[in-house]
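Multiple structures are listed underneath, in structure tokens.
Two complexes follow with chain A in common, the first pairing it with chain B and the second with chain C.
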Partner chain A sequence: MPVIRIDQREIEADEGTTIMQAADKLGIFIPRYCYHPGLSIAGCCRICGVEVEDSPKLLMACATPVKEGMVVRTDTERVKMGQRAVEEFLLLNHPLDCPVCDQAGECVLQDYSFTYGFGESRFREQKIKQRKKDVGRDLLLYADRCIMCTRCVRFAHEVSGHDQVGVFNRGAHTEIGVFPGIRIDDLLAGNIADICPVGAFLSKDFLFKRRVWELKSTKSVCPACSVGCSVLLDHADGRIHRLRPRHNPNVNGHWMCDIGRMDYKMVGSADRLKKPLARKNGMLEEISWSDVIAYASGRIRQIITRHGADALAFVISSDATNEEALTFAKLAEKTGSLQNLRLLSGKRGERIEFAGGFVIESDRSPNEHGVLDVLKEFMPRESQERVTDLGSLAGKRGLYIFCGSHSDRGSIQLLARAAAAADFALVHGNVSSPLTEAATMVLPGAAYAEKEGTYTNLRGVIQRIHPAFDPPGDAGHDFDIVLQIAGAIGNSLPFQTVAAASAELARRLRGYVSMEQTGDTGWVNPYSRVAGATKG
Partner chain B sequence: MDEKPDTEGKREEIVREAHEMNFIDRLYLPALLKGLADTFRHLFEEKFTIEYPEQKRQVYPRYRGLHRLNKDELGRVKCVACFMCSTICPARCIYIVGAEAPWPDREKYPVRFDIDELRCIYCGMCEEACPVEAIELTEIYDMVGASRKDLIYNKEMLLEIYDRTKEKGGMKKWI
Partner chain C sequence: MNRECTCEGKGVNDEFTAEQWKLVDDVVRKYRGKPGALIPVLEEVQSITGYLPESMQRRVAKGLGIPLSQVYGVVTFYSFFTMTPRGKHQVRVCLGTACHVRGAKRVLEEMERKLGIEPGGCTDDRQFSLDLVRCVGACGLGPVVVVDEETHKQVKVAKLDAIVDKYRAESPTAEE
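Let's look at the complex of A and B:
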């Protein structure tokens, strides 16, 4: 492996990598616009010029492969002059719309102008102004703010494969545009607004909602499909304003899809359940938490004593975290109804694969694999094959259904009929659905952005989610609700916190680790079913 | 009742100690005359008080009072909802909701712009941060309201203040 020197520091770089990558490893920052680790190298923005010994001109760090004995300088006067010149060129025709530009605050051009730029303009001529263009379902193009880095063009070609974006005209008239008659409507389009280093491509959904510096970011996992892209929830005042992908080589790389990007709307939707409800004279009415827990546990105890534990069924949706699934299964174990434990599967959709290898899976719920892993660990072997057979619950007298917002519609209808026919149906969820309409009592729970725990994606990667804010109204944390029900029935569980449940999970399930050990990029379960090893 | 400290008795003692009065003091007349003399002297001296509110004090040109939201040549709110003022405001008393402007030549404008004049500390940072000179502090210092809510000025009220104080430039005139 070639040994090179950057700013007097030696590093053994990998064969075939570039000066930029070697410098990143050393923690030496070289500015970049066109370079993006998830895209091919263009070397067109010229901001990354560095001095290399024996080379007459500045070389582009992003596009120059390392060579044995290379001596690189990133801090000389010539390098700085180069950066200043590039900055001045970029700002020649730049509108400096910063006050009304949504990118301000996370704009690379703004940051670099401040760090590497001139601080004043010598351009006295008229700038070219352009109106913004509506170029896609969620994209606006402000072509006059573009700095021609071609990240968007490369993305549309290499990652989404839809090739809608191109470079038009030549010289000073060069501009980014969308080919006539096409719109950027594919399901990866939102990433273009993320990778555009300036405010040229902006999201319509986020437009003017908030200034970016008002947002707090919470690390989470997208619940819209079983890939479970690592995301950042950008929120303020208890509302999510946008989602951004978080780089995770184990899961999603640099990207996420637009289904997941817009899925946050469910968190703040008007359909959210905010108060515990109980049926009185045929109508669901608001009731306090202590009453609903007392009544519900009383009814469950009653069914067990009158009809036996087999008259009781427990259903949990693939929206639950592993820790919630564990408490739920423990509850079913304590009441003696493990044979009637069932999974409420997630929605199904088309499996979509993109040119760059990004896949949207057909299972459109976050944790079917994790919940199944947990349920199978607890259920007796002979009833395991019935774990998704909801039809077998017809005729049960008592139902406790932990439903989610990504559950299969048909299964919800089926369960709603079973709930209407049962003596007692306790429905625990976060949005109203036909199932909550048919319930005897409703427990309002949290959405993914409000809770803590882990999800297991379809490749067995266990990822942690963090709560961004509290559930709305009187809604509670699902984990605590199940614990309380268990406690009120008289079967307190051996753990009281999500962290303790997570540790228990790590002890019981093969290949699992506790939530603290998953790190930011998740833990890849070596025994995962998809990875080929046998499991459960 | 017994627990209560006997403050009354103690005070009397202290008062007596401090003002042990002699015969002249006890006449009261000399002190009275002295007071009257003072009063009469001031009648003929220069007056410092003014007949507020009929008469108002002339403030210094850079006085920082009630805000106004300026209008552009076409009478539209000049503010572009950039949130610079609300970001810099140390009292966090500016609340803005931005939206796409309804005019073809403008990008963004505030649909809502509230300033809590009771929380404001009149530091003038908002005015200094504004990139389009849309927010300015005027010379108005008498704000009245029947409740705290009345002193949260909304966009319409702040634009109205502009109409009232248009002919007087804001702080920028003096820089």
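Let's look at the complex of A and C:
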């Protein structure tokens, strides 16, 4: 492998890699606009020019492969002159409207102008002005802020595959755009606003909502399909304002889809359950937590003593974390109703695969794989094949349903009928649904952004989610709610915290690790039924 | 510009005759599947239709199986290609240095007034379009006005009427 020197530091670089990659490894930062690790190399922004011994001109670090004995300097006066010149050129027609630009604060042009720029412009002529253009469901194009890095063009070609973004006109009039009448409406469009290093492509959904420096980012996992893209929840004051993909080579690469991007709206929706409810004279009325736990556990005990444990059924949705599934299964085990443990499957949609290999799976819920792993671990072998057969619960006297916001509608209707017919139906969820309408008692739970735990994706990658803020109103943490119910029935569980439950999972389930061990990019279960990860 | 257009280039307007569409399709078919065909195709198509409106670009992109953005990129890049209609006769006034010092600017202004259009434009009857060029390599003949393939030398403002009328007479407005 070639050994090269960058700023008098030696590194053995991998064959075929570039100066940029070698410098990144050494922790020497070379500025870049057009370079994106998820896209092909363009070498067109010219900011990454470095001095290489025996080369008469600056070479582009992003596009120059390493060669044995190469001597690279990134800090000489010539390099700095090059950076200043590029910065000055890029700002010639730039409107400098940072105060009204959403990108300000995370704008690469802004940061580099500060670090590498000239400080003032010698350009005295008229700047080319352009109106903003509406180019897609969630995309605005401010072409005059563009620096022509062509990341969006390469993304449209290589990742989305629709090829609708192009470079038009010539010289100083060159601009990024779409053919008149064309709109970028595919399900990866949101990534274009993410990868745009300046404020040229912006999301309509996030437009003028918040300045980015007011946002806190929490690492999480997208719950909108069983791929489980690693994401960052950008939130402020207990509200999510946007989702961004988080790079994870095990799962989603650099990208995420727009279904997941918009899924955060459920977290702050008006349909969220905020208070425990109990049916009085046929109407659901608000009730305190202590009362609802006491009444619910009393009714469950009553059903067991009067009709036996087989009259009781437990249903958990594929929205639950692995740890929640574990407590739920433990509860069913303690009451002796494991044969009546069921999975409430997620919504189904079309499986969509993009040119670059990114996939949106047909299972549009986060954790069907993980919940099934847990349920099958506990359920008796002979009843395992009925784990998704909700029809077999008709006639059960008591139901405890852990519902989710990504559950299959048909199944919810089916369960709602079963709940209405049962003596007692305890429904635990985070949004109101036909199922909560049919319940005897309703327990308000948390959404994915408010809780801790792990999800297992379709390919067996176990990823951790972190809480960004507390659930709204009096809503509680699902894990604690199940623990409390179990305790009130008289069967306290052997663990009291999510971390302890996670450790228990790692002990019991083949290939599982505890949530501390998953790291930021998840743990790939080597025994998973489907191996391999989606590219992105 | 019609931003709602989703016609895929079929019968978007009655600007072109069925025969012209057929010729265009023939050109596209001839080059289909050949790498680097876009520029020659656009050249031939423009010689048939006179200009390359959105509908024509859609037709070419669909026919060649290449992205619309690529066709649009090439059309907007080269000044040879035009998205505005061209007249039957192309009037090019030279504004090169030699022509300029011999009064080309006045010639251009008079031509603009006479045709009622600015450089880049086309008369309503689609008879003339006007462009300016920077030197046609005939500096000894300046000021030069090139109409179609014909070069007119030492053009004075007084001669413009005769030139314009000559071409107008060739193709009466009332044709078609």
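We adopt the following convention: the second predicted complex is superposed on the first by the 531 of 536 C-alpha atoms of A that agree within 3 Å, B and C clash if a C-alpha of one lies under 4 Å from a C-alpha of the other, contacts with A are read in each partner's own complex, and residues count from 1 in each chain.
To be clear about the criterion, a contact is a pair of C-beta atoms (placed from the backbone, for glycine too) under 8 Å apart; a residue touches a chain by one contact, two chains touch by 3 or more.
Bear in mind that the values here come from a model prediction, so they are computed numbers and not experimental data.
In the superposition on chain A, A:Phe208 contacts chain B only, with no contact to chain C.
Contacts of A:Gly487 after superposition: neither chain B nor chain C is touched.
Of the two partner chains placed by the overlay, only chain C lies in contact with A:Gly181; chain B stays clear of it. By the touch criterion stated above, A:Gly238 is placed in contact with neither chain B nor chain C. In the superposed model, A:Val100 lies in contact with chain B only, and not with chain C.
By the document's definition of touching, of the two partners only chain C reaches A:Phe168; chain B does not. In the superposed three-chain model, the partner touching more residues of chain A is C, compared with the other of chain B and chain C. Of all residues in chain C, those touching chain A in their complex are 1-6, 54, 57, 67-73, 76-79. On the chain A side of its complex with chain B, the touching residues are 97-100, 104, 132, 207-208, 211, 213-214. Residues of chain B touching chain A in their complex: 80-84, 87, 98-100, 107-108, 131-132. Within the complex, the chain A residues that touch chain C are 153, 156-157, 163-170, 178-182.
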